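Next come the structures, one after another.
Each of the next two complexes has chain A plus one other chain: chain B in the first, chain C in the second.
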Partner chain A sequence: MYVSVKGGETAIGHAHAWLAEARRGDPALPELTVAQIEEQLALAVDRVMAEGACADRGLAALALKQARGDSTEAAFLLRAYRTTLPRFGYTLPVDTGAMAIQRRISSTYKDLPGGQVLGPTFDYTHRLLDFALAAEGLDPPPPAEAEQGAQRMPQVTEILAQEGLMAPDAPSNAEPPDLTREPLAFPANRALRLQAMARGDEGFLLSLGYSTQRGYGNAHPFVGEIRMGEVSVEIEPPELGFAIDIGDMVVTECQMVNQFVGNAEAPPQFTRGYGLVVGQNERKAMAMALVDRALRAPELGEEATAPAQSPEFVLYHCDNVESTGFVEHLKLPHYVDFQSELEKIRAIRARWFAERTE
Partner chain B sequence: MAILARAGADALRAHLAGLPALPPHTRLRGPEIGLVMLRGRMGGDGAPFNLSEATATRCTVEMEGRMGHATVLGRDLAQAELAAAIDAALQSPALRGPLLDHVIEPLAEAQAEARDRTARRAEATRVQFFTMATMR
Partner chain C sequence: MNAALTGYNFGYLDEATKRMIRRALLKAVCIPGHQVPFGAREMPLPYGWGTGGIQVTASVLGPDDVLKVIDQGADDTTNAVSIRRFFNRVAGVATTESTAEATIIQTRHRIPETPLSEGQILVYQVPMPEPLFRLEPRVAESTRLHAMAEYGLMQVKLYEDIARQGEVATSYNHPVMVNHRYLMSPSPIPAFDNPKMHMNAGLQLFGAGREKRIYAVPPYTDVRSLDFEDHPFKPVRAPHACAICGSEESYLDEVITDDQGGRMHVCSDTDYCASRPPV
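Our next item is the complex of A and B:
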């Protein structure tokens, strides 16, 4: 337990002034603008926006600048900022099937309707450092454009569902729980788990997802589909009574297709793990889909033995703002606590030495 | 509304510049910045879940007895107010035609062109994979 202390204002003021100078770096170099961060460090911005659970690229870029590029600190800043804003309401669920596709791939079907569209990807690059980027003023050539735009692309799960090979996600309009309104409670239903993971730490989910592939949870997944692009966002303001379109949002979606199950009621079929993240973040969407499927173990009659299958383990630890809060609180003054520990250990040691000299 | 939501304040002002000034309006609410909670569906087509909050700006105005309302993603206060004013003006029979011709139509075209360019770029990255010998 920590105690409150007083004083130190001058030192704190000096530390923050030094922080501001360190943030700025060498003044002989031009200062980064928030717009430059938003445009040129786009994936860092998207990560902060997802983990900060506040989709606004401009704010995420500002947070990254203020946090000197520390993405967890930046997510924390966004979470703090969002508490200052009123909530207008909930949007209608976005229709990812109607996405304006920038990227869409499947590892289950080579020739799927709509085709495989790579989009702006790191895949198939050679991962060799490109020193041309260290030289400034070299504008890349414009990307190629086809005569005709990409057409509507049905979701792969739709294709499998038509054959009855995919366990459907029951269509429903049940009101989902909201983590930002009610604290996390268990048992956590799938809607709550997905919300927690969508704002969860990418690295944590990546490791857990990886653990399911390595045998901690017995997953045999295929990427049914990954898609990234803009979806339109609609709300239904009470004063209007009908839905209005309020703009576009880039999201990344991953459908993992997993080993079939089968029991007395249901025939053997594939099951899904689902990942959806705001912004462009394929690794996070894939990891989330793996962990979502692992967390469905009890409902699918599987034995839950691995960390990734434990809702308490995953949901209590996936939030990096909470995690960093509790880890970093150890820096706060624990002088009183430690004083009692000191006295206790001195007493125990005295007894230990006394016993040996008798 | 979908078109106004996708046009920044600068674009709206630029298109309004070719028309006589809109009648004055009174702000009834906002423009104010807040949050909407985005929702997705499990598996893309199942039950809804809360995905992430997003910033949004809303504004309600009154113009010559007509109410105009706008909610747009982002934090552009001027965009929300202009969109609400245009929403009110579009309900006036005299203003509707010129606004559709000089503001809504050109913006819709520009937005469709931008969407089409993205779709054509995506299509240019479409691949045909050929299966080789089995690899594990």
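Our next item is the complex of A and C:
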């Protein structure tokens, strides 16, 4: 009977074997390839890549396969892998203005230089289950192709800034902090906050962003612009002295335009909420932009009262690998502590009953 | 299953990371009870499973060390097995279940019954390093309270417990004052174990991975459980003897034996229990 807690090693081995079998599912069905996951579950792959903070779609697809489609578990696998990678250096800031646009929309202007590009979006689909998809082997007809616009698409916030309507973000050449090497420290500057949110949990940021729209944070946002497409990633090796392109990656960027009433130093103008996510993930980029703006409350002299405006609340809780670890660790044995709670509550109850029978 | 992993550095972490952690450890030893932030890495085990303790162990472990890993006092609980196997794979060190034979003991929730001797290191896995977090969740604010040694909040909390229910309500993770200066979380060990921290001959290191903090109690350091003169600290154990070895001193687990209220009590420290003659 007491031996029931023994034999952990054998139990772990058997559990792993069972897990492997469950992951594979019915062997009569063909096994999913990592390439299929990468191509056909592309948004799940992108989410894992962003939250796993490792820009490699192939590895993210492998993690999803290994994690049986559990995106948080997959992000954890990627994170654990990326810790072991050597760090060769830092890239130059990516220029999203030079993005090869797949999608670009503004909700503040009907038309603007570069135009509106809907791209591959769910936005105007009718959410009717497509039973034709259940039948395999039906490839969709190719979409019409437009001329790739060679012109640089200026960001909407740049256009507003030309008129002085957009509060400039203070430029800085300071070395940005590195969340993956140094522990979070407060006050956290904006670069650190954006870094944490870029790999933060989509669901958490979505709910927090939503809360700012419902009065918990006093947001008045417009989508100045959302753009998604490939950007060049460049590094400048010190021995070369000039930048070299090491590859392209897809990012989603959202710039929210928000009211600001002005104060003694600054005239009334718009302020920016910024979101940038690796891969295609518009929902998260938008939520991140809302929360970024909410977190700027102290800097803009606004009263911070809501959770989304508290840097400690947002940054300490947005990481799903940390969150899931601490929530799920409750299933580890706690019987030593529970035993001391048992003795404690028995003693306190004995006193409670004794006092009432006196 | 225990084959050593190739392609990973000794102890999994790279040497630069180990050096960073050792620096944090040195600082922690110099300021007993003070929480030192460190750049905790993502480990291949989840946060909450002991990533802080694992990183500390990996940083102090050498090829000649003998490692013991316990969870809830026992060497054979699943998580202890898993962590021991991890170090066996990534460091290939000798492991033991004997407290006396180990040079490094990684623990979750217990201090072994067998007293540590000089030269031994006890590594605690810590979920929440901040003793004040239930009273002051803002880290920036609790950091300030530590700087000013302003621990009135905790004294008031203990006072309110006594006023309401006649005794302090914490039965584990009872806060301690280290070296008369820093309030410290002993990690969720039962209050029964708190007195073992005081003037301990071994080096006690604490790692909190998710919260990215390290702290330490050097050998022979004053560690006092927070209390009041008229309500002195009371370590609690179940008022029974171990059903296996008969010990009336050790901390006991309560094991349910049937659905008719049947219970038995056995030592939580399996090595201690096995080293004694059975009743």
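We take it that the second predicted complex is superposed on the first by the 345 of 358 C-alpha atoms of A that agree within 3 Å, B and C clash if a C-alpha of one lies under 4 Å from a C-alpha of the other, contacts with A are read in each partner's own complex, and residues count from 1 in each chain.
Rule of thumb we're sticking to: a residue touches a chain if its C-beta (ideal position, glycine included) is under 8 Å from a C-beta of that chain, and two chains touch if they have at least 3 such contacts.
Given the structure is predicted, the values throughout are model-derived calculations rather than measurements.
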First (chain B), second (chain C), both or neither touched by A:344: second
Which of chain B and chain C A:129 touches, first, second, both or neither: neither
Chain B versus chain C as contact partner of A:28, first or second or both or neither: neither
Partner chain(s) touched by A:329 [first = chain B, second = chain C, both, neither]: second
Winner by number of chain A residues touched, once chain B and chain C are compared: B
Partner chain(s) touched by A:82 [first = chain B, second = chain C, both, neither]: both
Chain B and chain C contact sites that coincide on chain A, given as residue numbers: 82, 86, 180
List of chain C residues in touch with chain A within their complex: 1, 8, 14, 37-44, 46-49, 51, 71-74, 76-82, 85, 108-110, 127, 137-140, 165-167, 169, 171-173, 188-192, 210, 212-213, 236-238, 244, 251-255, 257, 264, 266, 268
Residue numbers on chain A that touch chain C, as the complex places them: 1-2, 5-9, 11-13, 76, 79-80, 82-84, 86, 180-187, 312, 316, 321-322, 324-329, 332-337, 339-344, 347-348, 351-352
In the complex with chain B, residue positions of chain A that touch it: 49-50, 53-56, 58-59, 82, 85-94, 96-97, 100-104, 110, 115-119, 143-150, 155, 157-158, 168-180, 190-192, 194-195, 198-199, 229-230, 232-233, 235, 237, 239-240, 244-249, 251, 253, 255, 272, 274, 276, 278
Parts of chain B lying in touch with chain A, wherever the complex brings them together: 1-2, 5-6, 32-56, 58, 60, 69, 71-75, 115-127, 129, 131
